[in-house]
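Below you'll find the structures, each written out as structure tokens.
Paired with chain B in one complex and with chain C in the other, chain A is shared by the two complexes that follow.
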Partner chain A sequence: MTFITVLITLLALSVVTYLVSLINNKLGAYFTIVTSLVTLLLLFLLKNSIGQLASISLFTFKLTTVGWYFSMVMVVVYFTSAFLNPFWMKKMIYPAAYNLFYLVSLIGTIGMFFARDFITLFIFWETVVWTSTFIIQMGKSRKSSYVYYVVSAIGSMVTLFAMMLVYQVSGTLEISVAFNALTGQPVLALIVFFTFLLAGLSKIGIFPFHVWLPMAHGSAPHTFSPVLSGGLVKMGAFIAYISVSAFAAYEAFSSSFTIMGIPAPIYIIMVLGAISIVVGTVMAIRQDDAKKLLAYSSVANGGYILIGILLFDQLAFAGGMLHLVSHAIASATAFITIAIVAHRTGTTKMSKLGGMIHKMPITYTVYLIAIISMAGIPPMGGFVSKWLILQGLADHGLLFIAAAAFFGSIGSFMYVFRPLSAVFLGQLAPKHENVKEASIMMQIPMYLLTIATLLIGVFPKIILKVIAGIQAEAGIQEIVMVGNTIVVANGVLDTFRVFVVFGYGFLIALVIFILRRKSRRVTLMDTYTSAEFVHTPELLHYSSNFYAPFERLTKKPYPVLNLYEKVSIKIKEIGHMAESLFSSPKPAVTIFWIIIVFAIFFLGGVL
Partner chain B sequence: MNNPVLLIIIPLLLAFVSVIIKKAGKWILLLGVLINTVLAFFITTGETIIGGFLPPAGINLVVTQFTLVGVILINSLMLLTIIMSIDLVGKYSVILLTALAGINGMLLTGDLFNLFIFMEITVIAAYILSAQAKKYHHTITYLIIGSVGSTFYLLGIILLYHLTGSLNMADVAAKLPLLTTKELLVPILLIFIGIGVEVKLLPVSGWVKGVYAHANRLIAPLFASIIAGTALFVFGKLFVSVLPLSDTLTMLILVMSVMTFVFGEFAAFKQKQVKEILLFSSIGQAGLITALFISGLVYAAVILIISNVVSKLIMFTIAGAFTEKYQTDNYHSLSGVFVHNKITGIAFTIAALSMTGIPLLIGFYAKLNILIGFFHAGNYVLPVIVLLMTIVEGAYIIKLLLALWAPGKEGQVSLESFAVEKKQLLSVKNTAICLIVALVLIVGGTLIDTTSKIVTNGQPLLGDESPYFIISQSKGGE
Partner chain C sequence: MTVMNFVYGFIILLAAFIFQTTITGFNRKVTARIQKRYGPRWYQQFLDIFKALRKSSITHGWIFDFGVIMALGGIMATVIFIPVAGFEAFPNMDNVYIISYLLAIGMLGMAMSAAGSGNPWASIGVSRALTNMLAYDIPLMIVIFTLIFAFDTASVSEIAAMQQGMGILGWNAIRMPLGGIVAFIALFGMLGKKPFDSFIAPAEIASGPMVEYGGKHLGFMFILHELMTFIEVSLILNLFFGGGSSILVYAIKYAILYTLVNIISQVMPRYKIDQAVKFFYRVPLVFAIIQGLVVIFLGWGVSVWF
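Here is the complex of A and B:
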């Protein structure tokens, strides 16, 4: 089976989905599940044809292990989130278009990951950008869609510049060959490195391009937020991968100035990654909206992935690639659970929620496991990947970046705990007394993703084997595993043993929980008021102003969005100036300008 | 194969006929445009001598591949505009036919003085058309600036005649390199300003806002895509193949073009009315196109003209429909207008996305060629400007699209009930035409090898040898 067949099948299926959605949008939404499942199966079959070259019209593709890996992650996220689509069809203004764009953006990501030349890469990249832009507008906010598009456009236009520059120098558009022409031209290589990487940075949400994530993730349709955070953000990681593998940044800058053993340009980007970890973590802690909180956590986790991939070695690279999967799955799970809570209660504001564990125990458990993974606590997937990244950082002696990574790990306890306690634990608001547990259909993706999180945590070998293949393909040292043990220079990690230990701990806690005295349930209205009637129990809700002391510490949010707004205002000002100068309705003004032009031309012509 | 002079004669003749038979005016107009469009497809490259005198003394029409593209494009667009807005033609059929004759004359003529005459015919028709909006103040402004422009052009060619003793373009082009830069400065400058008024270059484009912003569904596309497109083709013909530019002059005109581009896009970013966004974006794009011509990237410029005028035809038609149905074209007051007019919305969106250079639309192909061309010429500054402006352009276009598609306040999920009241924007016929034209943008941007074959016919346009993108390039060493 060729890749082209797969691509055309998927396109045909998405058109069918669209047509079906026009007639019955709920049925169409079920088609998105089927189509993404078909995609998953077809991609799985494609694993045997790695190395295959394919081309159609102006597109050329090459099936690579890394492309396969990225697209599998993407399809898993799309497939599991698709289970929510049927429930949101009524809330969409354009349900049929949503279904179509959902699938087209999936195809776009796959095409992009297998792209063999720059044009294919760029076309599929842009396809994803504008389809997702049109999906995000169906959510709560148009402004966020606008910011998302503009930040993406900044990234993609700068990257297009890099691509065309490389094409001009090398005469070829093939990704794996074109960059070779840059050897021996350090200045050019520097320009290409920074400009090419920019699309990736803007997509993965690296500081200062992270402004779009909280806006877009926070206000996108609830069904699409898991895809955005779990899936599309990871496209940026792919660009980062190209910049170290095909572009061979380490070789290109081998003679350049190094900082702590890392070439300065790469180190600068890694510092940006470290800043994103810190900024993402701090901002996540401050959020009241659960989706915005998770979005900021994606910023932080994007930093980990970027640092891991950029280190491009045995450990940290494997960690970064593994973190890509574990974060994709964990964040998709978390967003799905929040989406379900929002579906049942109509809000994602944490101060309006609480006590959902009594009504949605399964959703609670799933969320708990997801955030355990996200915070990097064993025995979940996130632990293994963060451990590998930290090992790699320690190996290189990258002190400051490791400090940021540790900060992020600890800070993540604070932010993942906030929704846990504010949404699920605590008192149930009276208006949520009749909230029901997620339906079976919604539970399916939660089960699938939770099993995946656990599997990666306990048997990371399944994924690390593929990562070793990628490392072999990229020509770096492969990650070594003996049984369930990951072998690194500083020691070994037996994930199964970790799981067993934590299992015992869990059992002991369970026994204590069962044996202890039953607690009395209090509701939100059980507020103790010392003979006064409480008019606004919401303000006394313990989850409003959750981290007040911490928020006082970090009171002034940094003004990055303001920067974009300032630029936008400046452009408007210049535009206004140009309009009032040159578009005056008085002909005399035009005559005046003609005279000025004459004067300039005469001076210029005579000189 | 057939005589290109028919393209000028037939509309002119039919204009007189329609004066006599007033009642059938719009049908005669339709017939004229239809005949012209069909004939445009059958003319072949070559030179046609009129009046029996041999050039340079006599008058000739020159058809090159470049003009051929222009003639076919402009006549087809004219046909589409007339078909779409035939209900608004009314008493303007004579004017429109005359304008058509003038436009074809501008594109085809090989004589500088004839160009002046045809330009005057077109521009006078345009003054009358601009009066349709009954904003006479703006018409007067246009009249004054336009007349100044025409006079400057006339002065310029008088000086050229004085210097070379000829007005035939080919003859002048052969003789000009013998002259010094200083002798050429004044005539070239005068001609540049004269053409610049119609091309909408910045300091002399003061009339554009008043005229475009009030034009209706018929007049707006006529100005924005047909007359503007013609002016750009004429600019290309004159400044690439006829007038030699010294380095300083090239630099100055380039700076003016780039300023037009940047300021136009910035001004468009600021606007709130759909038509004002589009007209400033047209000004900006005109600046980019002239910059491309001046840099010698004729192929990229032609593709950009095609992409631009086709997009603007759709967008101005729909923007005209906004004012027609809702009495406003402020996009905040039109929020969610496409909820009720999905197909119209799709056509508008495709056109808008093509303008911003979204892949697989012809605008992207244009952008790709611009970048490749500039890089090949060793110019690394203009690609940066082009890409930065693409971001600005993308920003205002996406803002516009979001407002038109998704009604509702910030913080609310957009729902159909928030949209403006339901009205049918375009008739079924017009919607279909808009959609088909939009599909042309997709096809042209996807089958790019076919596009390049149709546009160039295998020969470089106006001697432009700079490389452009073809599919086999992406397939590298296979």
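Here is the complex of A and C:
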């Protein structure tokens, strides 16, 4: 089976989905599940034909391990969040369009990951940006989709500039060859490196291009937020990968000033990654909206992925690539659980929720496992990837970046615990007395993703094998596994053992607990309140201003937002000025322009 | 992994619990003498724990119970991985990141159970405890990072072994004095000793996370606290004070370190939580970074004592 067949099949299926949605949108939503499942299966089969070249009209593709890896992550996220689509059809303004865009953006990502030349890469990239812009617009606010589009457009245009620059120098558009022309031209290489990377940085939400992320993720339709955070953000990581593999940034800047063996341009980008870890973490801790909180956590985790990939070595690179998967899964799971809570209660504001565990125990458990992974606690997937990144950073001695990584990983305990406590634990408000657990259909993706998180955490070999393949393809040292143990220069990790010993400890504790006398069940309101009489559950629920001391400390975290605000006001003013000059109803203005044009015409003739 | 590993693990657990509880009992007496009291008997802590386990208790729902079990389970697993004087129940599992992150699952369990009780005091306590953790852990992790870079291993027992055989001069706390200071201060934060004890502040937020516990739950919390203390003191002892070449040396050093922390904390006032964060980011963090730069760029303290 060729790649082109797959692509055309998917395109045909998405058109069918659109037509079906026009008749019955709920049935169309089920079609998105089926189509993404078909995509998953077809892609899985394509694994055997890696190395294949394909082309159709303008577009040329090459099946690579890394492309396969990225697109598998993407399709898993699309497939699992598609299960929510049928429940949100009623809330969409254009349900048929939503289903179509959902699938087209999926096809766009796949095409992009397998692109062989710049034009294919760019066109498929833009397809994803456009379709997702329209989807985000169907959510809570229009402004967020504008911001998303503007940031994405700036990124893509600058990257297009880099592509054209490379084309001018090399005369070819093929990604793997074109960059070779830059050897021996350090200044040009520097320009291309920063401009080419910009689309990736803006997509993965690296500081200072992260502003769109919380807005778009926070206000996108609840069904699309898992895709945005778990999937589309990872497209930026792919650009980062190209910049170190095909572009070979380490060789291009080998003569430049180095910091701990890292060339300065790459180090600068890594520092941006470190800053986004800190900014994302601090802002996530301060959020009250659960979706915005998770969006900021994506900013922070994007920083980890970027740092890992840019280090491009045996250890941290494997960590970054694994973090891509573990974060994609954990974040998609967390967004799905929040989406379900929002579906049942109608809000994502943490201060308005509470005690959901008593109504939705399964959703709670799933969220718990997702955040254990997101915070990088064993025995879940996130731990393995963070461990690899931290060991890699220690290997290089990158102190400041490691400091940011530590801040991000301890800070993640804080921000993941906030929704756990404020949404699921604590007092149940009386108005939520009749809230129901997620339906079976919604539970399916939660089970799938939870199993995946656990599997990666206990047997990371499954993923690390593929990553070793990518490392071989890129020509760097492969990650070594002996049995279940990851063996690196400065440490070993056997996650299966960690899991078993944790189970052992849990078992001992459980036995002691069961052997002791059974405890008496009391209600939630039956608590110690220091002799106060409180009869309203809402008043006993501690959820707003959760980290008050920390919020006091970080009142003015960073001035970038203000700067953007000012710039956008100035641009608007200039726009208004231009508008008043050209489209004024006053005849005087029109005559003024006519005179100017004639003057230029005649003067131009004379000169 | 054989059955013997699990048996050794259980022995470490039991020994750690008995040892630390005895030390705690002894330290209750030390505290009392500082406050000019007579103090309870040295085995009072055992009596308290077993009494709590025997009493009846209340529960606020399944998460209240589950969290307690998960907390103790996670902490027990961490204790099993702690190398004591070169002895490890599971060889090669004493990676410092595994220990410090596995510890977190115990803390998460405890926080979950406390918040699950529905008592606002508990949630406030948890939020303070997490903020406190953000304060002390970053300077400490930077120093540990420096150690890993310097010795090219993340294994706690290997780092401990490298410090032995040179007497007191071999200790990392002496070789890297700023790092030693950071670790010692961070130990106060980890143990929740004054001046960093505002998350349990009994007079202010009714003991914070512990407010709703009684009976066997409280007994669990006591055991958990003893084991957690064992993990934290052992970690600092192994990484910065040379561990111990034999069990006896280890136990003596351990007792001295813990008692010293306790004595100092008794004469300290209490920081508000944001003051604690400010303090840790002003002094220990700067020390840690200076220490890191000195080790990474100058190489001082790695092999200077020969």
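Criterion: the second predicted complex is superposed on the first by the 536 of 607 C-alpha atoms of A that agree within 3 Å, B and C clash if a C-alpha of one lies under 4 Å from a C-alpha of the other, contacts with A are read in each partner's own complex, and residues count from 1 in each chain.
Operating definition for what follows: contacts are C-beta pairs under 8 Å (C-beta built on N, C-alpha and C of every residue); 3 or more make two chains touch, one makes a residue touch a chain.
From a predicted model like this one, the values you see are computed outputs, not experimental measurements.
Visitor: Which partner chains sit in contact with A:510 here, chain B, chain C, both or neither? Use first/second/both/neither.
Guide: It touches chain C, and chain B stays clear.
Visitor: Check whether A:358 is in contact with chain B, with chain C, with both or with neither, and answer first, second, both or neither.
Guide: In the superposition, A:358 contacts chain C only.
Visitor: Would you sort A:205 into first (chain B), second (chain C), both or neither based on which partner it touches?
Guide: Neither: A:205 stays clear of chain B and chain C.
Visitor: Scan A:265 for contacts with chain B and chain C and give back first, second, both or neither.
Guide: The answer is neither, since A:265 touches no partner chain.
Visitor: Touching A:230, do we find chain B (first), chain C (second), both, or neither?
Guide: Neither: A:230 stays clear of chain B and chain C.
Visitor: What is the contact status of A:417 with respect to chain B (first) and chain C (second): first, second, both, or neither?
Guide: Touch partner of A:417: chain C, not chain B.
Visitor: Is A:375 in contact with chain B, with chain C, with both, or with neither (first, second, both, neither)?
Guide: In the superposed model, A:375 contacts chain C only, not chain B.
Visitor: For chain A, which residues lie in the overlap of the chain B contacts and the chain C contacts?
Guide: After superposing on chain A, no chain A residue contacts both chain B and chain C.
Visitor: Can you check the complex and tell me which residues of chain B touch chain A?
Guide: 137-138, 140-141, 144-145, 148, 152, 181-182, 185, 189, 193, 202-210, 246, 248-249, 251-252, 256, 263-264, 266-271, 280, 339, 353, 358-360, 364, 368, 371-372, 375-376, 380, 383-384, 387-388, 390-392, 394-395, 398-399, 402-403, 405-408, 410-416, 446-448, 469, 471, 473-478
Visitor: In the complex of these two chains, what residues of chain A are touching chain B?
Guide: Where chain A meets chain B, its residues are 53, 55, 57-60, 91, 93-94, 117-120, 122-123, 126-127, 130, 133-134, 137-143, 145-146, 149-150, 153-154, 157-158, 160-161, 164-165, 167-168, 172-174, 177, 219, 221, 568, 571-572, 574-576, 578-579, 582-587, 589-591, 593-594, 596-598, 600-602, 604-607.
Visitor: Within the complex, which stretch of chain A touches chain C?
Guide: Contacts found on chain A: 260, 355, 357-358, 361, 364, 368, 372, 375-378, 383, 386-387, 390-391, 393-395, 397, 399-400, 402-403, 406-407, 410-411, 413-414, 417, 420-421, 425-427, 485, 489-494, 497-498, 500-510, 512-513, 516-517, 519-530, 540-543, 546-550, 552-553.
Visitor: Chain A touches which residues of chain C in the complex?
Guide: Counting only chain C, the residues touching chain A are 1, 6, 9-10, 13, 53-54, 56-63, 65, 68-70, 72-78, 80-81, 90, 92-93, 95, 97-98, 101-102, 104-105, 107-108, 111-112, 115-121, 123-124, 126-128, 130-131, 133-134, 137-138, 141-142, 145-146, 148-149, 152-155, 206, 211-212, 215-217, 219-220, 272-274, 277-278, 289, 292-293, 296.
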